[in-house]
Amino acid sequence: MNEMTSFDVEKIRRDFPIFNETVHGKRLTFLDSGASAQKPTVVLDAVRDAYSHTYANVHRGVHYLSQRSTELYEGARETIRAHMNAGSLDEIIFTKGTTEAINLVAQSFGQMEFQPGDEIILSYLEHHSNIVPWQLIAERTGAIVKAVPINQDGEFLLEEFSKMLTDKTKIVAVTHVSNAIGTVVPVKEIIDMAHAKGVRVLIDGSQAIPHMKVDVQALDADFYVFTGHKVFGPTGIGVLYAKNELLEKMPPYQGGGDMINRVTFEKTTFATGHSKFEAGTPPIVQAIGLGVAIDYVNSVGLDNIAVHEQSLLSYATEQISAINNVAIIGQAKHKAAIVSFTIDGIHPHDIGTIVDQAGVAVRVGHHCAQPLMDFYDVPSTVRASFAMYNNREDVDALVASINMVQEFFR
Amino acid sequence: MNEMTSFDVEKIRRDFPIFNETVHGKRLTFLDSGASAQKPTVVLDAVRDAYSHTYANVHRGVHYLSQRSTELYEGARETIRAHMNAGSLDEIIFTKGTTEAINLVAQSFGQMEFQPGDEIILSYLEHHSNIVPWQLIAERTGAIVKAVPINQDGEFLLEEFSKMLTDKTKIVAVTHVSNAIGTVVPVKEIIDMAHAKGVRVLIDGSQAIPHMKVDVQALDADFYVFTGHKVFGPTGIGVLYAKNELLEKMPPYQGGGDMINRVTFEKTTFATGHSKFEAGTPPIVQAIGLGVAIDYVNSVGLDNIAVHEQSLLSYATEQISAINNVAIIGQAKHKAAIVSFTIDGIHPHDIGTIVDQAGVAVRVGHHCAQPLMDFYDVPSTVRASFAMYNNREDVDALVASINMVQEFFR
Amino acid sequence: MLDDLKELYQEVILDHSKHPRNFGKITPCSHEGHGYNPLCGDTINVYLELDEKEHITDITFDGKGCAISTASASMMTDVIKGKSVSDANTLFEDFRSLATGEHENINAGEDTERLMILAGVKQFPMRVKCATLPWHAMHTALLGKTEISTE
Amino acid sequence: MLDDLKELYQEVILDHSKHPRNFGKITPCSHEGHGYNPLCGDTINVYLELDEKEHITDITFDGKGCAISTASASMMTDVIKGKSVSDANTLFEDFRSLATGEHENINAGEDTERLMILAGVKQFPMRVKCATLPWHAMHTALLGKTEISTE
């Protein structure tokens, strides 16, 4: 698809059937795309078509449907390879989501590399999915998890990071964009600094891929992961990009069909490339849907999306800052369109329930980032997260609902 | 849904949109449901509706869409619990498929239980997905994989099994129905014999759930797994049933969002019940689709399905046996509707390509069961696998196409 | 809209959440329980003092919670104080079944009305756990355990 | 329908599959390669004898394969015998690019026609690997490795 020449948010909203819904009789103000994004009609159509016109299991069949299904599935892999600018198709592994992708790397790379006392460097901005898998493999191997601190604005401290990189560091795993407070992390600098010491880097791109162009070769990332449902694709699908040179050495993660070369009870040998890491029937139709979602994003244009979202972010930040008793958590210079906030004396869960009655969907809680909540010494926040289909009306509805909350609890 | 009083295969065929397709201009004769089944319209509608009317991430939200999405997702869990007659919802874990479910058990149970020299008992009928995960954990723990032999008809040898059960046996993992040759394995007897020695049992129900009623409590299975795409549900979803008393003791498999209680860099504690084993955003919409698929199966009635399929199996066996130079592999007394065969002097791959031109979709290859192929000393077979929507016309088309193959290679 | 909300956040609930009764810690106490909700990170701790006849002579709570869990804790402590352990456990069951929608009505004598008000939360399924959290903490304490996580 | 099939299974291919040329094993031989297709379990072994001038003086194959891989092996050995190693590698590249549809035409002199016939397989994407399996085994052998799996 060609990039649209001008960005028309109302046209985009019409591509998403969910916006025909009302919530408690109100217009839907969906500000929870950071948790999961809505799906455009083209993705829904692709999913339905894949099941109703060309469905069969992939890879193992010579019959027509199996061949068509395989072409569509592998075509999605190529779409994603091109989108991330990976060097080869072998470097694109389909997973269930970001969480599975990180567990795969932690277990497989960790099993191969970690010795007692080795260090794994994370940051205070990480999602639990980029913390707990490392803790599990650390426990098994005797490696140690360390976390790079942030400043009060929520910015990753490169200088501290540089001091933490030692001979013992075996991997750095950091998020590209914080899901809880929106900070854009300087991943290029982090990768360069780590590589200067021969340390591998995993980037959690879950919150970056829907909002910005990512070129894994330009970044020189060793591992880059994201999840399909946040980039307007189906649930149940994610992507692990990993350099070939690493995949070749890494042991398999799960065993099963399709990832083997030859199986006997005495000895089993494994497939190569992405196959080694895709055990069992993959999420076929979900991968196809994700490919179409990525095509859709490209048809809108990530540059257009970024400009639009940044303008929403400015407007929302301005409007919300102006409300009494409201504190925005996370004020990094580089931020994605996420506004996390608290209201004095009113608990986020109560806020969530009350604004919901006005049709406003925001997330309240710790956003799977408890260490970050501990850093800010709050149990939870209210988070409004924006996507390409949000407009200024959404911001206005949010602001009105915040005012209503304060009214209610006065 | 109520069970239909009479079984009407033509009516059922109309529920599956794929049968409107033609292949190479021919009627589609789909005999590859053993690899993956087609989907009824109700499942496609449920998937689309979940994305377009009630979509949001589950569990973590207080807003309306998140609440609706959670209700549908958890409702699917209840549908599956009831269908398998599991004792509690905590015992139903959603996975990516059978393969992930077995890997989960192998890693988590294995890590907890296996000591060097301990034995894992499989059988010669197993799919690679019920072999390789055990080999991987055996390698890590020093446990040993053994396989129960079969007779020439493809029947599991209970007597041999009984001799193999020793003090060293830690788990028995066997298929309920062989995907390659259709053997129905006497799992109740196996479970009773294993339990008499205090040994746990995992049943791979991938090929059983679409064709017969399974009651995990009546079986007293410790673990029972199946995959959604073979039971007319979406890809990317599977189920692990496991007894609560085991889940409580087993360590987590993957780490991430939703499976935790509290996360700090120093110490993380885990959720209980199924949550402990469902890290990250689950395949939400796929679970919902699977629930609807199970409802659909129940509306047709598993008893009706079994009668219909067994009659197709008899007809197909009779017709195919009558063809010269064709040998049916696997002639167990209890068989599901799967016919695996070879033709003298003609390679299965060539057969597959030629019958495909007649619109006949069969699977050719080792069916991810190389040890079984080795047992029969064939590199591969042709497999016709039947589901509720197949009819006698399908058998006739298969037979005609086999005759054509022989003509072609005469 | 506000009607629905008013059903959940009734005056008495708002009042208890803003001015919680029995807030604080009993040290030493004979029983304590800590309720943690991993969804929101909230914690409610319940402290009890029992006499030799298994009567709850004193009960207090502290911790961090939303309006619903705070009001629930506050109203619970009011209701429970002076009751026997077995009555407390019955009330726990009554309230749990009301709030989860298992039962429509209960008969808890003079306490019925207060429990019914709190149980308005069942219209808001994602908030049920906020209301039951302090009750679980109390129940756990009486069982002699100390920690409970609800999800 | 039969037309499409006749395109794949041309007379010459059926003939080579039924009566494979150069079938057998050279022992000892200077180079050998084993091709394995995990999709169908087929194996094709290729044996080569080179002289000191890097000419392929003899080439044979054995193993288990379908009509396509057997015919391909048979035709390949016919074509390769007597060629130089560098010509063999060029032919490998030519054939691979034809069969995978990368190139429409090649110029391999007198061998062009035979390679084009085999390359009819590109109409049948799931069978391309059957046709290229013996070629990969041969190429691998010349590289001095012995084993190759295609998937």
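Note that the chains take the letters A, B, C and D in the order they are written out, and that residue 1 is the start of every chain.
Note that contacts are C-beta pairs under 8 Å (C-beta built on N, C-alpha and C of every residue); 3 or more make two chains touch, one makes a residue touch a chain.
Since the model is a prediction, treat every value here as computed from it, not as a measurement.
J.: Following contacts chain by chain, what is the lowest number of steps it takes to reach chain C starting at chain B?
T.: 1
J.: Out of A-D and A-C, which chain pair has the most contact pairs?
T.: Spelling it out, more C-beta pairs touch across A-C than across the other pair.
J.: Find the geometric centre of each of chain A and chain D from their Cα atoms only, then give the gap between the two centres in Å, rounded to an integer.
T.: One centre to the other, that is 45 Å.
J.: Cα centroid separation between chain B and chain D, in whole Å?
T.: Roughly 38 Å, centre to centre.
J.: How big is the gap, in whole Å, between where the Cα atoms of chain C centre and where those of chain D centre?
T.: 77
J.: Provide the list of chain B residues touching at least two other chains, using ranges where the numbers run on.
T.: Counting only residues that touch two or more other chains, chain B contributes 24, 60-62, 66, 260, 262, 349, 353, 364-365, 370.
J.: Can you tell me which residues of chain D touch two or more of the remaining chains?
T.: As it turns out, chain D has residues touching two or more other chains at 39, 124, 126-127.
J.: Which two-chain combinations qualify as touching?
T.: Inter-chain contacts occur between A-B, A-C, A-D, B-C, B-D.
J.: Please name which positions on chain A make contact with chain C in the complex.
T.: Per the touch definition, chain A meets chain C at residues 24-26, 346-350, 353-354, 357-358, 364-366, 370, 373, 379-380, 408-409.
J.: In their shared complex, at which residues does chain C touch chain A?
T.: Within the complex, chain C contacts chain A at residues 1-2, 4-5, 8-9, 14, 39-43, 64-68, 124, 126-127, 130.
J.: For the complex, give me every residue of chain C touching chain B.
T.: Touch list, chain C to chain B: 36, 38-39, 124-127, 149, 151.
J.: Show me the residue ranges of chain A that touch chain D in the complex, using the header's touch definition.
T.: 59-62, 66-67, 70-71, 260-262, 271-272, 275
J.: Touching chain B in the complex: which residues of chain A?
T.: Counting only chain A, the residues touching chain B are 17-18, 20-21, 23-24, 28, 30, 32, 35-36, 38-39, 43-44, 47-48, 51-53, 55-57, 60-66, 96-100, 102-103, 106, 122, 127-129, 131-136, 145-147, 227, 229, 234-237, 252, 254-260, 262-265, 268, 279-286, 349, 352-353, 355-356, 359-365, 367-368, 370-371, 374.
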